[in-house]
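Got a structure here, written out as structure tokens. Questions coming.
Chains: A, B, C and D, in written order; residue numbering restarts at 1 for each.
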Amino acid sequence: MKKLLYVLIPILLLGLALGLRSRKVDVGGTQAEAKKQVLHLYAMSDYFPDQVIKDFEEKNNCEVRYDNFSSNEELLAKLQAGAVGYDVIVPSDYMVRALIKSNLLLELDKTKLSHLNNLSGGFVTAPFDSGNHYSVPYTWGTTGLAYNSKHVTGTVDSWNVLFDPKYKGHISLLDDEREVLGAMLYKLGFSINTTSKDQLIQAKKLLVSLKPSVRVFASDAKQHLLSGDVWIAHMYSGDAHQVMKTNPEVKYITPKEGAVVWIDTLAIPKGAKNVDLAHAFINMILDTPAAKEITEQLLYSSPNNSLEKKVAEDLRPSYLAKMQAKVSHLEFLEDLGAGTEMWDQLWTEAKSN
Amino acid sequence: MTRNPQTFRVATFASLAWLWASFLVIAPLFYVIAISFLKRGTYGGIEPVLTLENYTRLADPYLSGTILMTLGRSVWLAFLSTVLCILVGFPLALFLVFKAGRARNALFFLLIIPFWTNFLIRTYAWVVILSDNGWLNSVLESFGLGPEFLHWLFTPKAVLIGMFYNYLPYMAMSLYVSVEKLDVHLLEAAADLGAGPLKRFFKVTLPLSIPGLIAGSIMVFIPALGEFVIPDILGGGTSLFVGNLLAQEFLTVRNWPFGAALSVILILMIGLCLYLFEKVTKGKGEDLIA
Amino acid sequence: MKLLSRIGVAAIYIFLFLPMAVLVALSFNSAPRGSAWKGFTFIWYSKLFQNDAIIEALSRSLEIALQATALSAVFGLCLGVAVVRTHGVQRQFLGKLATLPIVLPEIVQGLSLLCFFVWLSLPLGETSVVIAHTAFGTAYVATLVRARLVAMDPLLEEAAADLGAKQSKIFFKITLPQLWPAVISGMLMVFTLSFDDFSVAFFTAGVGATTLPLKIYSMLKFGVSPEVNALSALILCTSLLLVTLAFWNQNHTWRKTVEES
Amino acid sequence: MLEVTGVTKYFSGKTAVSNIDLKVADGEFLSILGPSGCGKTTLLRLIAGLEHPNSGKLHLNGHDITHLSAHKRNVHTVFQRYALFPHMTVFDNIAFGLRCKKMDEIEIKKKVCDGLELANLKGQGHRAISTLSGGEQQRVALIRALVNTPSLLLLDEPLGALDLKLRLQLQHELVAIQKRVKTTFVFVTHDQQEALNMSDRVAVMNNSVIEQLGTPNEIYEFPKTYFVASFVGGINRLDGKLRVDDAGRCICDVESLGSFFMEAGESRTNGVQGGLCIRPEKLTIFSRRPSSDNVLEGVIKAQSYLGTHTQFEICLKNGKILNVFQQNTQKLAKKAYHVADKIFLAWQTNQSHFFADSSLS
């Protein structure tokens, strides 16, 4: 019996391996016709609706492999570390700048992007990559506060609510140095793109003083907001909208002192194996049907002009201008260049305190 | 070569062994030590400039507070987890060996089963249990323990529970193996000579289980020192441990040289622990190994 | 006293199995989020089989685990033999090195290998994960092979040599069959470790190398879908089945030997 | 004084010790002799308190100790494989029991040193257990138990693991020590030589009961059962039937060999089936038929010359083989008898025993 086991196990494993091999698709797509091409996609988790990916796979007879990162910095780290072979990546605005400076992005071939003109004007001229040489806006949104109105009463319109002792232990902050220190800078009345050491140290101190109230640093606090562990969450607008759909008691605001507005983009990193397919993917997303599906599923605002009349008002590209008129300081994060190191250091200190 | 085929054959094995050792063990570790003396680039990466900055940063009075606190917190957590595992694992091992009778094998197998489910999923299950509206609180509330919320999830308590849960089987198994080897006659002899149950435990069972205790402690303490997933999932990132700090330095902040310096310190701490553990076993083990 | 100790032990086992019970229960809970019971359903199981991302990650994990297992078997066998059969300083060094990957925390291994791969400009991807898993897998196989080889009767090899067998023949006909069980159990161990590994893969994974643990981790971070519960319930059942089978098998043969004697 | 009354112990349905009665006097050296599995070790463990009887009572010096646990009895044991604590030195091992009694450390030192001297191990208290030879370990185990001045010392085959020469030497030492300390010894063994050599009295156990209790001479010369006769020393057995003649003498009729007189045994019923038993050294070989009551005719099948005596195998008419030992009292350069010689065997009536079959099992 035992002997049998020793023989059976290797055979089983071998069989399993062979079975998987037959499933496996060749990466380069050069060998046989039967082997499908593969598009390697690198983005935050759940950032592309299944249907959109399935449609793309069918249309182009290819396979999409979707790997996840949990912050822009992780994306940068992995690309720098030599994760070569991704075809499409989804960095945020300030990271696009950093990636361009680090010479990690491939210039887009606009002749292959026939739907590029769908982009709303404001997004074409965005300062981090004016003229869309390297990146194409995918979604946009703000970073604000989502709160459960069952537990959080009174007017919530400011970062001050985080410092209310009533909500101690029920606050979540994003696990992102730019966003969290940015929020502290807003509260202090400084710019979120400051490189002033003095201002940053004040922001860090404020964060350290807030930490006892903070329950969790999470890139995605949806589940915690829904489970009731968290009442006030520092959150991206799209995530907040998703939560609101499940639990109408949750509300989302952009604090009056100011909030971050961001654009997530599609880009092709250097070393991409399937540049053509990557362009096709980006082009499809720029097309109206896919854009509509994405916007309706993810509830993130779209930069796509063709959706102007087709989706809810706050998801339209034109809503950005309206927001900017309403909230005094709606700022984009900018690449800080050499200032990054100080931010990094203070963030490390604040978190390990 | 034909003169001594034995050495020739061993040389073939040894060369493959060295290939593995040099490329996958020695070189990476030395490389980490090397970059801990270099400077970071603006966008991460490494600049080939020799510096002690990464180590002096640890002694920097302004920063050292937080970094050393993190190190201390990690050691304390690993220590607590180890002690907790011993306190529960030892009686369990004793029960399995001396009291379980026929159920002994079955119970031992049950200890291993948790290892067969994914580690992350096991840890995630605790998120469900420890959440504010989770199972634990509903049980506590049904016992009338306070209507006010007890926080478990994302607190150090949760991290400790997760660590204890995850590492208990290692400790229990290691102690089981050691206790099982214990000659029952020695316990009988001690009883015969007038030693009561407590005295028997402390004078005979405990000293003779020290090898298992040490092995178990190594299996718990060292991984617990470097653990970063459990604090990440159950701790919510509000109190950082060395593991989280390392992950952050390497994958978010991208200050590899500083991260490397931290890991060198971690390795040194582990080396120290192993040395101490070895010393303890040597002292006790001299007359154990004939 | 006896009752008290039994209750204590029962409590420990409940503690150990509670999370698993929770997962299985949740996998049948129709509520998509949270722990409140909203009714019985099988839907997560059918959704699991339609979830390409999870299935893809599962097959990636199996693939990586198999490759790492095969490589570890070869290197581990060599390392185990080398540690026992070499002499002097070499033996001491190899012996220490062979235990290093077992004692070092996974995170240190992960990041040191990451740095090293970057230095070699080895692209991060499936290969890098396989290599990283081979790094620790080899050590585990070697430990078992080493123990087995030390316990082996040296007279066997001498007897074979005495009967005129060549060195290569001795190894393949005498030594290797003796070591085979150790290699197999080592391989099983490496397979399990690799399949379950998160920390090392977290650092060394790259393009197209999202293993199941990595996938589960990002799901944990971005909201767990109950399909993961279904998956873990399935993994649990499979392992329970395997362990029970092994247990029954062992008990059975044990009883047989007792009866025969 | 130890008194065991009606003690019974069974393990999961199997009886290990059945209704044992035993009295051990102060200062006595009592051996419990029996084959493995006869229950002798269980009896010892019951006395030590390592097991507790299912029924029956144990009294030590008049106190009921039946339910007292091991560490509360003033009874100590020398274990089969000594069970010396490997993590302690010789000194610490010996001092263990005294320390359990919380004795003054100075006194402990004195007692341990005395003990070491008694065991010829003077000044070796610092040694580690693993460095001791088998004989030394045995002596340390003995002293470890003795320093506690037990009312009763139990020894569980303490010499079993040693080689023959050492065993003989230690047998003497053990007896010498016992005579000096005057402690009651209960000694368990399966070796009859050991038991006969050392003991004041021997209890022969078989199948969880004591078959006979007596001095070594009594056990050997007057065995009460066939088991005792055959277990202690060699025995020849001829199957036959008991007959009591008119004069009241007991006669055993052995088919095809004849009738033989014997001592009046316990059973005096006519027609009882049984065995006539004679020890090999009690038979005398004659080349011509002697004028004796009990004579057997046979042929030498094999002989081995062993210096002190010669061992013969004699084949009887019915094919039965008897063992015979003849003391080599005369100084002969060559063998007195040869294989295939026809000889006669004779013995004195009181040297034979008759055991009825009913008492065999």
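Heads up, the rule we're going with is that a contact is a pair of C-beta atoms (placed from the backbone, for glycine too) under 8 Å apart; a residue touches a chain by one contact, two chains touch by 3 or more.
Just so you know, these numbers come straight off a predicted model, no measurement behind them.
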Chain pair with more C-beta contacts, A-B versus B-C: B-C
Chain centres computed over CA atoms; the one at greatest distance from subunit A is chain D
Between the Cα centroids of subunit A and subunit D the separation in whole angstrom comes to 89
Using CA atom averages as chain centres, what separation in Å is found between subunit B and subunit C? 18
In whole angstrom, how far does the Cα centroid of subunit A sit from the Cα centroid of subunit B? 34
So, in whole Å, the Cα centroid of subunit A is separated from that of subunit C by 34
Residues of subunit C whose C-beta touches two or more other chains: 34-35, 114, 224
When you check subunit D against every other chain, which residues touch at least two of them? none
Shared interface positions of subunit A, touching two or more other chains: 78, 80, 218, 227
Inter-chain touch pairs (all): A-B, A-C, B-C, B-D
Spell out the part of subunit C that touches subunit A in their complex, as residue ranges. 33-35, 52-53, 56, 59, 62-63, 66, 69, 114, 117-118, 121-125, 180-181, 184, 187-188, 191, 205-210, 214-215, 218-219, 221-224, 246, 249, 252-253
Can you tell me which positions in subunit A touch subunit B when the two form their complex? 71, 73-74, 76-78, 80, 98, 101-102, 169, 172, 175, 177, 211, 214-218, 227-229, 337-338, 340-341, 344-345, 347-349, 351-353
Subunit C partner contacts - residues on subunit A that touch it in the complex: 1-2, 5-6, 9-10, 13, 16-17, 20, 23-24, 27, 38, 40, 42, 44-46, 50, 65-68, 70, 78, 80-86, 218-220, 222-223, 226-227, 246, 271
Subunit D partner contacts - residues on subunit B that touch it in the complex: 183, 185-186, 188-196, 199-200, 203-204, 207-208, 284, 286-290
Subunit B - residues contacting subunit C, complex: 5-6, 8-10, 12-14, 16-21, 24-29, 31-32, 35, 88, 91-92, 95, 99, 105-107, 109-122, 124-129, 131, 133-135, 165, 168-169, 218, 222-223, 225-229, 233, 243, 246-247, 250-251, 256, 259-260, 263, 266-267, 270, 274
